[in-house]
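Here chain A shows up in two complexes: once beside chain B, once beside chain C.
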Partner chain A sequence: MRRLIETNGWTIGLGLLLALLLLATRLIQPDFGTSGLDSLARAALPFALATVGMAVVVIAGGIDLSVAAMMAVASVTGAVLMDGASDGQAVLAVIAVLALGLAMGALNGALIVLTRVTDIVVTLAMLFVWQGVALLVLNAPGGGAAPWLRALVAGGITLPGVPAGLTGWLPRGVVFLTAVTALIWLPVARSKLGLMIYAIGSDASAAFRSGVPVGRTRIAAYAIGGLFAALGGLSVTMGTGIGEPIPGPYLLASVAAVVLGGVVLGGGRGGLLGPILAVFVLRTVRMDLTLLSVDPNVAAIVEGTIMVAVVMFGAVLATRGRGA
Partner chain B sequence: MKKLLLGTAALALGLGLAGMADAKGYKIGISNTVQGNGWREEMICAMKAQALASGEVESLNIAHRNTDAAGQLEDIRNLIQAGVNAIVVNPANADGINAAIKEATDAGIVVVAVDQAVTEPSAYILSNNQEEYAYLGAKWLFNQLGGKGAVVYMRGAAGAGADNDRDKGFKRAMAEFPGITIAQEVFTGWQQDQGKQQINDIIAAGVPFQGVWTSGIDNVIVDAFVESGAPLVPIVGADNAGFVGQLSSVKGLKGAAVTNPGSVGGAGVELAIQILDGKKPAEKTVLVDPELWDNVSDEGKAKLAAAANPKLSPEWPVSVSIPGWTTYTMDQIIACKGPGE
Partner chain C sequence: MTTMTASPLGRLGRLMVDNPLVPLILLLGALIGILALLNPAILSMFWAGNTIKIAIPLAMLAACQTLTMLTGGIDLSVGTVATIAAFVTATLAPLTGVPAAVALALGCAVIVGLANGFGIAICRVHPLIMTLGTALIATGCLLVYQRHVIATGVLIPDVLIWLGTGRSYGLPNSLALFLPFAILIIWAQRRSGFGRLLYAIGANEAAARMSGVRVWQVQFTLYSLSSIIAGVTGLLYLGQIKTASLSLALPLDLPSVAAAVVGGTSIFGGRGGFGGTIVGALILTVMTTMLTLLQMPEGGRRILFGLIILAVTALLVRLTDRS
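Showing the complex of A and B:
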């Protein structure tokens, strides 16, 4: 038990912070309840998926600056394929978009491995490439989304035979996020690939000497990142009902949440739960600032300050812990 | 003693009235997705000024940041949580925020979309006619060239709804003038620095052209011509204060400003207040049609002279009010203060 708390201290701390923030939201707005949780979950969903994708790449010792642009490509591709399609065709469209995400991520990774150019430079270049691709697919917001897909993340959970009061508070968005993340990441994390991803992030040359195929592992990590980016793009389309070719503010937000979530930039350490909690913390802060009607120009400063303060506070705790 | 009584009574009545005004105080939410652009900043200031001038708004809840439609869904839902009576929104695009607008109107909140339209039928729309904006300016430019020649087509942001509507209007004018060709088509992203770099490149490359149409990034284009010493060609821009000033001050410049009032935001707040007061408009969509002021005709020159205002920031549109809608003063919009600030 003690070991569990020690190794997951940061994540537990973020969980407590989130609980405190939700409590504060309740104090600011006494009506805050089920619908508030639901809108929070829906707002967090694209950020959370982008963050998870970024976290996997960062754990592998890289960074992917094209995550928001890949989301835009996935969003417009999904919206174009689903426009006027039947439910069955929409399933195929979703599969196609996920495959596209894997391919985009793998291409990013392959370019880094083959050209030996720094990840920052390659993915920055790919950011512009994917932006252009998104505009080629759809030059203005448009397309559509299958109603069943949109319903996946709207409202609370209802189970047959269970009274709505018991499960209705739990937003579908949270369940969707948990399900896809677990479905993709748990098998990877428990396999050799997961170990190798942490290994190359921790020390690539040591991993190489231990027989880890560094290049292939790196490509796999970027491909998983691309898959999550595609899910993030789909979640944008699920929320808006259309595809948007101009990337949203997900790049910087995902890097921020990854850092706040306890993943070490440089790789090798951290998990996915921390970054996801960090996304919810940041979204709740944004909600509270709107509820408090804080001057919008000040709000951005407040958001940034909170982020720095939390990370610095964590660093102080970590140093103290080591000293004791 | 009698005087004192009367005075007290008057005071009580006054306080009572003030109390009633307070009771009526509406809470209005605002959502906007472009920050740091002169036009949008004027829009926000017009919203604040109109809320203050109306005397009926107790507080404004402003969600104003750079984000996409998904982020605007979040902002609108947060405003619903904040319990506002009305939401005035400049939509990121026509379809993307319908879900949240429907949730708001279902909760009894009045929603007014300004500047650009939304397709959700429960929302009111008060918007500038963007297609007509491009058509008017392009037609003037093509007439200036005698229906023959090549023009530089400097658009807004690729993929933006307003840019798309303007493109329709531009193409409509093109169809009427078969002798006109496009020398270069670029997206300025509605960014001053980007637009200036692009026109400098085009001038330096020596591409022949006889006119320039801009989607509101205008004063830096004139600057580029003046600084490089290239011969001036007719230029169409928006009614931004800087460009309007240049139309009367730069020697040899022929040009036209098409109005695209950012004060449409103030009109949107006024419309929301009227609906909350029970005065619903006959139509759900109100379009504000643009005007064209050129520095070639006497009528245009008079309009330009009347509109020029050195007190405004050069990126702000000079049409700071919309007759019949906004009731604030020039000083109020420049002060940019809302109720309780």
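Showing the complex of A and C:
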């Protein structure tokens, strides 16, 4: 028990912080309840998926600056394919978008491995490429989303046979997030691939000497990152019902949440639960500012300042860690 | 290294890395040749002046990228800083008079630069993430500011319009600002102590630190300088475009990185210079004209710019690989 607390101290602290923030929200807005939680979950979903994708890449010792642009590509592709399609076709469209995400991420990783240019430069260049692709697919916001897909993240959970009051407060967005993350990440983390991803993140040359195929593992990590980015893009389309070709502010937000979530920039340490909790902490702060009727632009400044401060703090910690 | 110098292709590669100006000017000539084939009527003195006029703000923003890239950094807040400087000048000029408005606008630029310098030099955040972050915050501040000044009206100082759009002897007046600026930057990077410190940090930061360079002071100065240059560029651009918008210079962000990279400045530091960047800016401007002629959509243009950055850096890594 004690060991559990010691190793997961940061994550537990984040959980407590989130609980305190939700309590504060209740104080600010006494009738904050099910619908408030639901809208919080829906607003946080794209951020959380972007952050999970970024976290996998950062654990592998890299960074993917094109995460927001890949989300835009996935969002518009999904919206264009689903526009006017039947439910069956929409399933195919979702599968196609997820495959596209895997391919985009794998391409990012392959370019890093093949060109030997650092990850930051390659993914910066690819950021522009994916932005361009998104604009070519759809020039202005448009397209559509299948109704069943939109229902997947809206409202509370209702289970047959269980009274609605018992499960109704749990937002579908949170369940969706937990389900896809667990479905994709748990098999990977339990397998050899997961071990190899952590290995190349903590020391690439040591991993190479222990027989880990560093290049292939890196490509796999970026591909998983791309898959989560595609899910994030789909969740944008699910939330709004249309495809959005201009990338949202997901890049900086995901880096900040990854750092706040206890994943060390540089790789090899941290999990996915911390970053997800960090996303909800940051989103709740934003929501509270809105509830306090702060000007949305001022709220954006406050949020940006928090994120930059978190990243600065993380960089100071990372430098200390390297020096010690 | 020995195999590299032995093969003629490798030798050519080294020559290109060491003297990037020669192949760049040849490339510029070739592009203008293709343009002449596409549309022979386009080439004229007026077109040349126009191309130079459009390339100047791009080259000045690319100067920020060149200087920061010499140390292995990058400054992605330049477009935002230029936009803020232009917007603040245009909206404050009717209230406070032109000199005070310009001073306040450049003051805003310096604040962003100091914030960048603090994060990068003291906290050691990666420059790319730090400058993206300050750009985000600064954009938020601009939106808040814009809501409060909307009633005062906009005045674009005559000096800036003269500088931005005027012509003397067929050449754009902006050259009067750009020529001294370019000479100063090239002199500073080659001959001044500060310029050499930039190359030293970019080539090997640990070695520079051990030789007694106070890296944080250099970076602080560098990012403040970069923001001031971006602010001045914003003023020039305001005179050229003649409208104060909230996204005035943002479309120049990406091309400014591309211009520096195409001009032979290494994004990893220690290699390159402003001379190549100027030619790089001209190449990109001519290329944009060509893409417009071919009616390439905006998305295609972004893909092309991204691929150019990637291809040129990959090529540079291959050519300068000493292992």
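Please note the rule applied: the second predicted complex is superposed on the first by the 296 of 324 C-alpha atoms of A that agree within 3 Å, B and C clash if a C-alpha of one lies under 4 Å from a C-alpha of the other, contacts with A are read in each partner's own complex, and residues count from 1 in each chain.
Throughout what follows, contacts are C-beta pairs under 8 Å (C-beta built on N, C-alpha and C of every residue); 3 or more make two chains touch, one makes a residue touch a chain.
A quick note: this is a predicted structure, and the numbers were derived from the prediction, not measured.
**Student:** Scan A:Arg116 for contacts with chain B and chain C and give back first, second, both or neither.
**Tutor:** After superposing on A, A:Arg116 lies in contact with chain C but is clear of chain B.
**Student:** Look at A:Met287 in the shared chain and tell me whether it touches chain B only, chain C only, both, or neither; answer first, second, both or neither.
**Tutor:** Once the two structures are laid over each other on A, A:Met287 reaches chain B alone.
**Student:** Go through the superposed model and pick first if A:Leu135 touches only chain B, second if only chain C, both, or neither.
**Tutor:** The answer is both, since A:Leu135 touches chain B and chain C.
**Student:** Just to be sure I read the superposition right, which of the two partners does A:Gly226 touch: chain B = first, chain C = second, or both, or neither?
**Tutor:** neither
**Student:** Just to be sure I read the superposition right, which of the two partners does A:Ala300 touch: chain B = first, chain C = second, or both, or neither?
**Tutor:** After superposition on chain A, A:Ala300 lies in contact with both partners, chain B and chain C.
**Student:** Output check: A:Ser35 vs chain B and chain C. Expected answer is one of first, second, both, neither. What do you get?
**Tutor:** In the superposition, A:Ser35 contacts chain B only.
**Student:** Based on the superposed arrangement, let me know which partner A:Pro275 touches: chain B (first), chain C (second), both, or neither?
**Tutor:** It touches nothing on chain B or chain C.
**Student:** Once the structures are superposed on A, label A:Gly262 by its partner contacts, choosing first (chain B), second (chain C), both or neither.
**Tutor:** Touch status of A:Gly262: no partner.
**Student:** Answer with first, second, both or neither: which of chain B and chain C does A:Pro249 touch in the superposed model?
**Tutor:** So A:Pro249 meets both chain B and chain C here.
**Student:** Under the contact rule defined above, give the chain A residues that sit at the interface with chain B and also at the interface with chain C.
**Tutor:** Shared contact residues on chain A: 135, 139, 249, 295, 297, 300.
**Student:** So in the complex, the part of chain C that touches chain A is made up of which residues?
**Tutor:** 119, 123-126, 128-130, 132-134, 136-137, 140-141, 143-144, 147, 254, 257, 267-268, 297-307, 309-310, 313-314, 317, 321
**Student:** Spell out the residues on chain A that touch chain B in their complex, using ranges where they run on.
**Tutor:** 29, 31-32, 35-36, 39, 42-43, 46, 135, 138-142, 150, 154, 236, 239-242, 244-249, 283, 286-287, 290-291, 293, 295-297, 299-300
**Student:** Using the touch definition up top, name the residues of chain B that touch chain A in the complex.
**Tutor:** 35, 59-71, 73-75, 77-83, 92-99, 157-161, 163-164
**Student:** Spell out the residues on chain A that touch chain C in their complex, using ranges where they run on.
**Tutor:** 65, 111, 115-118, 120-122, 124-129, 131-137, 139, 249, 251-252, 255, 295, 297-298, 300-301, 304-305, 307-308, 311-313, 315-316, 318-319
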